[in-house]
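Letters A, B, C and D name the chains as they come in the text, with residue numbers starting at 1 for each one.
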Amino acid sequence: MARKKKSEITPEIVAEHGLSEDEYAIVLDRLGREPNLTELGIFSVMWSEHCSYKSSRRHLGKFLTTSDRVIQGPGENAGVIDIDDGDAIVFKMESHNHPSFIEPYQGAATGVGGIMRDVFTMGARPIALMNALRFGEPGHPKTKALVSGVVAGIGGYGNCVGVPTVGGETNFHPGYNGNILVNAMCVGLARTDNVFYSAAKGVGNPIFYVGSKTGRDGIHGATMASAEFDDDSEEKRPTVQVGDPFTEKLLIEACLELMATDAIIAIQDMGAAGLTSSSIEMADKGGVGIALNLDKVPQRETGMSAYEMMLSESQERMLMVIQPGKEKLAFQVFEKWELDVAEIGTTTDTGRLVLTHKRKTVCDIPIAPLADDAPNYDRPHEPTAPREILKPDEVDEPADYNDALIQVMTDPDMASKRWIWEQYDRHVMADTVDSSQSGGDAAIVRIHGPDGPTDKAVAITTDCTPRYCYADPVQGGRQAVAESWRNLTCVGANPVAITDCLNFGNPERSEIMGQFVGCIEGMNEACRAFDYPVVSGNVSLYNETNGVAIPPTPAVGGVGLIPDLTLVQSLGGARPGDTLILIGATEGWLGSSIFLRALQNREDGAPPPVDLQAERHNGDYVRKLIRNRRVRAVHDLSDGGLAAAACEMAFASGIGMELINPSELPAHAWYFGEDQARYLISTDGNSVNPILTTADGLGVPAMIVGKAGGTRLKAKGAFDVSLDGLRGRWEQWMPELMSGATETV
Amino acid sequence: MSTAVIVFPASNCDRDAAVALEKVTGKPPRMVWHKDTSIPDDVRFVVVPGGFSYGDYLRSGAIAANSPVIRDLKDKSEAGLPVLGICNGFQILTEAGMLPGALMRNANQKFVCRISRLRLANAKTRFTSQYDAKHEIDVPVAHHDGNYFADDETLRRIEGGGQVVFRYSENPNGSRNDIAGIVNASGNVLGMMPHPERAVDTVHGGTDGITLFKSIVGSL
Amino acid sequence: MIARVYVGLKPGVLDPQGRTIAASLNDLGFDEVQDVTQGKIIELKLASGERDTVEARVKEMCERLLANTVIESYRIELDEEEE
Amino acid sequence: MIARVYVGLKPGVLDPQGRTIAASLNDLGFDEVQDVTQGKIIELKLASGERDTVEARVKEMCERLLANTVIESYRIELDEEEE
């Protein structure tokens, strides 16, 4: 390789590439010489936070990642679980926060495209999408445009590809004003004996490039996702990636078609840091070297340099190692689907990444240090100071409970998100059993095997309560996992495993790192208590603007198995005359509650503690009741407590509810407290006694809290409003926000 | 006797349509690739399924309407072959001139996915003969470009000729006269925005769509 | 040779897109906006040829694909200079 | 006063739409088509005013709503004559 002048790589260039002096010293040491610009670029993206997980790696290692259903845990493109009969579910969640803030439509769309590629890369057909969104306060000048762009982008991509977007969650909080979160999850279906991995094997095997041509899109996207925003970053926009769902659809069909043969040895999508990270990850995992001829890379623009090609983040591209002798077949399949395809290199035994461009060697570096010797920091972490516990009598009761109920149900986090999910095709593929439209706890998608629809289904949910995580990361981490487990339970599923998307601020600040470590600790405790492992995930750090970090937001995506579709449960089945039973204990926990925020504009107080034993106990009991067909409607209690759960059940069932307060607690604590491990169930008269008696025997707290019927939502000693009236307010909040007709609540 | 589903690049309701057809005929339909120049001779009924053929670039359905297989479909439909175009399939049939009018962007500019209640404007077609004319049916819609437009004269003609088959009870997209589905003048080509194939199984939450497939298959 | 095809809705066809843009602009305080219509420009880079033949070919492209003449009208502009 | 705003993708930004139209025209036998890009034309009917002021206002409309300046560029043409 041509020796470059010593001056080519100045300290400024190193700094622009986001490498610290220490990190650059390691580069020099491992190479034994100065890198050229292409090589520096490769090190910089591989060692970015986004690709190397340098601040988070050691902590992620603590997660429970195995169970008898886990086929593949973290470390591949997506996690894989066994759901019997030779079927496997492949799933993962990923963030596209920074790109979506800069260009909401394309940012969100390409986020969906990226997560789908992670899933079909493993040999799975994507069958469901979920989205977990966090926006700034509703009245913030940017919020409306961000909401409409992000939602249109998610729909625009998923709808076009033809994968149903079946559920999600949406929060609004000033903590996201300068840094929204767009987390997308994809669930796919594969056969256990036909899962594909990314480890390149063998020497001399052809490497294929498939998909769209490479352009100068998103160069430095990976480093952008790893740097804080400041007000200038809207000016210094790098080229934004544009998604092409049409090509993605073709890519899915083509890859699945080729995967049905034995032509593919290894496959990896080109995500962040495109060709660089895909080739290096494949080589590193397989312990081989890679030689690529960049002249063969399909290019959309003229005059692209090696640096640009290696760092481009053009979408809808895949890299694969093909079985020698199967090249023709591969070309045939990809050409049938009219995709760009090229053989661009081979695997080697050198352990090095060697790139040639215009007959010159433009990069020759050892692969091991790029992956294995990537920095791995133990950043200082300061635990979040515990907050004071707020007792019910330290919180003022509302003067008007009708108004209180309306305020709670039209809180931005509580109000109906119909405006969002009506823009998502929830039914395409014709296997959606339940989705956002029921307001249910988890979406349900039937397993459609090679021989047609089966009686099995998967349940899917995403959950996180950032205000709890902010108040107490450990409890918040537990709660996020526990709520996902509860939500799967509520629809009659056996919770199996989770994926996560850990969104935090700048890890170089010890209090942020403390939030990160605390949330992981809490999540992991819950995973272990429920035998509910983490099989995939994603970390997004540096989510802050001008030094203000987002609330810690470890979004959890849970997947459960419903072995028999006739045992599917919903919250919409309550009938007039049913008895309402509350499962779980109530202390009236108002700290960090929606009630406190919606009525008193306060976010203080310790969040509800999560008793993992009680969660498991109560949840297992509820699931048993569902299996024994003892219940007509089930909903877990979360934001807004008993009152909110009853309203949501009433909306879904289309009948009123009448609640009582059999406790000693003041009405606000009883109706709006957010104690965990609780469920509201609606059941017919005959089942009431058996349910209560069995619960008593098992030590599961259970009591009658009201009955279903009528056209009003009533609570003794508190509110009495018409069902339709409240539903109207609840439904109208978001359309009014988006039409600009009203200000924030 | 066979049925067929046409598959374009980025059709995405092709499998759904095939499942519905198999449910009604007991036999999987032929899947006909868009590059095929002709529809097999034993095919008695063709579904042009929903999706985003060619990404819906330029105009929904425009590029697909120019494919070889649609040219053949047009000829065969003129000779009487029954054809059902659903959603993107409806767009393709209007673009191909097999049905009058055009489907424009939804009036509110947004994609809409919801269960829509439909009135039967004509229960005497080959596609609707087994419906109870008085009943309204629930069928999901999911589209961005479902806003049916025809000029006044065309509208008068199709209304007068009983060509309007389904109407929305609550118009989700701005369609003229709440039109959700129409047939051609000879009554053998139906295009509709709602997805009957997504309402053929109790897990879908309703089975109002199956009657449509039963009607047409029963008429063959 | 460059051909530019301008495609717009025919008069009498309701233009919800234009109306939405107009309403949004008014909302943003641009009160001077009275009416908006939106159309497409399709720019084609073509192998060079006789002006008349090229024009006829582009017209054919419009009729067959680029415009839906049920709702749209079009106008063609040719530009001999390569840009 | 009429203002015409031409909006197109910035060079280098992926244009899947243009690419697909080009491929389709080629398939239809229009082999002379080498490349296609698609843009928008937004025609605004405005209350009359000083040319410079109007232009500045339309520019503001573009920046705030009509163009997505992250990926699109725009060009403004003013036409005093009412059409």
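Going forward, a residue touches a chain if its C-beta (ideal position, glycine included) is under 8 Å from a C-beta of that chain, and two chains touch if they have at least 3 such contacts.
Nothing here was measured: the structure is a model prediction, and the numbers come from that model.
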Weigh A-D against A-B on C-beta contact pairs and write down the one with more. A-B
Can you work out the whole-Å distance between the CA centroids of chain C and chain D? 10
Distance from the CA centroid of chain A to that of chain B, rounded to the nearest Å? 36
Inter-chain centre distance, chain B versus chain D - centres from mean C-alpha coordinates, in Å: 34
Multi-chain touching residues of chain D, meaning two or more other chains, are 16, 20-21, 24, 28, 38
So chain A residues touching two or more other chains come to 244, 246-247, 338
Listing for chain B: what residues touch at least two other chains? 54-55, 57-58, 63, 66
Please list, in label order, each pair of chains that touches. A-B, A-D, B-C, B-D, C-D
Touching residues on chain A, where the partner in the complex is chain D: 102-103, 105-106, 212, 215-217, 237, 239-242, 244, 246-247, 300-301, 314-315, 338
Taking the complex as given, what residues does chain B use to touch chain C? 58-59, 62-63, 66, 94-95, 100-102, 104-109, 147, 149-151, 174
Chain B partner contacts - residues on chain A that touch it in the complex: 152, 155-156, 159-162, 244-247, 249-250, 337-338, 421-433, 437, 446, 452-453, 565
Spell out the part of chain C that touches chain D in their complex, as residue ranges. 6, 8, 18, 21, 24-25, 28, 30-47, 49, 54, 57, 60-61, 64-66
Over in the complex, which chain C residues touch chain B? Could you list them? 12-14, 16-17, 20, 64-66, 68, 70-71
